[in-house]
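Okay, structure first, notes after.
Chain IDs A, B, C and D follow the sequence of writing; residue 1 opens each chain.
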């Protein structure tokens, strides 16, 4: 009998770039890496997105699906449009699928809230069964990430029911070179 | 008798961030560094703007005025609004004056055209008399830039009449890690 | 039935720093990373040894043994003494075991020859059974190395007989920022 | 009347690499940059010597003479021989003149003592008259160094008498990524 991890809630997304619409359900059987970012978040531009590119290059897409999640929680007028994101994705040469996190009546977008993310960049790894196996805010080291991804790839796929998690977040956010934190301003 | 250099045309700017409106005329007597950029230009974010920050930190504002010039020539919908630029300037912690280059009926904004810039990032140095003494596209080395700025600071201020230059640019542009080039090459 | 890989020949070492003498035989059951270097090889100082440090920090010593192998094939008078190496190891804060590759009558030291290394830095990974599973010259990416190490750690240990390999190398060597290559190319 | 700075004492050197013997006296009229280093000092390899290379590349040798000064104050057996230094200079592709600081009966070599250096890397700038105008221990920023060198180059050469300075240094030293400090162990 194996340990049970929480299953990652389904993406709530308004639009996709670089891809037809995807669901986590569809991706069961592969490892999934979700790189949550904002286009005006310095830590995302300097660390998070380059790392996601390296993962997409280093591993076979048969084993891992890399998804960028544009989770805007500040400066909506500047980075909240599809056109702005499309320009960003073009200039930064990002070619993996990008999901636009759904706006909610709360301050944070829906998928970001569902995953209890602290801010951007956030890196989430789901295993074959869609369970959350890594959940990091800020910079992540390549060596450890490579090891973790490989470990998940080599696990046997296990099918199980999907649950959800809820959260409540304080308002206020701040960006540093490390990332954009939801919590404190 | 000294060599005559072309005098830099006056800035044509619609708005300023981090500053009251400035004119090059007002800045005569000081060296001026103009760092032309676009907020979605990877080479500007990685090289040009950090360099401008270092210059603003390393030299006294009595000797040199550092000005960021937001010269948008592509993705106007994404990076062409004051709100988008203000968010960018906030997140990247830029505190020197930022001028928004005036939109023209041509493809390139007005100051960019007047200075014959190839793309972004472009770095221009004006001497005490407002003459163009350095004009570089792409990455610039700190050591050489430090030497050039110091050399200009130590020159005796000379007052002279201001001329203008004109240019015509081919259309088409492309961004690389070096910068965003106006012309397809 | 699994694929057979060549078993790494036993280390031929004259002395150890930071450790009692070790044999590969003793390390069976753990993954072994051998980082071959020379203290005056720029690519080793800039890339190979920092990577070995990161591996030693990132993984448990119960799972992987990191060994530095000082394989001097040039400048023997400068880097060929135990005192020189001890000073280097001290100044560069290296705390994993360092083996001094045994001098031979040929130009290359014995372990370097036995492993058919092209130069320094060279990175070799042995699995639980001592089989050679990675053999790289020059810079290696953290992400891929992390994945490979994890993959080897998760394999079931298998015991088998130890074989040896032979080689013949051309003389002449050259160092670049990538590494020090045994053969003139 | 201009400010008087202390004149840099003459180099006390046992041998030169990459050059015929030089004296500071001979170099009067040019700016001189002395980069004091030890071949096993990590901060020298990572910062000091690459910086000296960039200076030698960026400025004309008619204006500035870049000199490496090998000032060994620890690990004499490992880095104290001409052969060890020659191998190092070869592998790290250093082509500016390298002086070997003269051994003394005290712990520190003679030129290092005469210049009151705290450790390695130390960077000293002498003006046209041989006066000490910059004296830094550890990492130095390119932008500021470029400005200082240019400032010295543009000064009018002034000839004056040469004085000397004396010092007494506590024993004990320690290397960090910043540099090797003479003072404290």
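Please note the rule applied: a residue touches a chain if its C-beta (ideal position, glycine included) is under 8 Å from a C-beta of that chain, and two chains touch if they have at least 3 such contacts.
All values derive from a computational prediction rather than experimental measurement.
Chain centre most remote from that of subunit A: D (centre = mean of CA atoms). If each chain is reduced to the centroid of its CA atoms, subunit C and subunit D end up 36 Å from each other. In terms of their C-alpha centroids, the spacing between subunit B and subunit C amounts to 50 Å. For subunit B, no residue reaches two or more other chains under the stated contact definition. Under the stated contact rule, the graph of chain-to-chain touches is a ring, a single cycle where every chain has exactly two partners.
Contacts from subunit A toward subunit B in the complex involve residues 39-42, 45, 74-75, 77-79, 81, 83-88, 90-92, 175, 180. Residues 54-55, 58-59, 141-151, 154 of subunit B are the ones touching subunit D in the complex.
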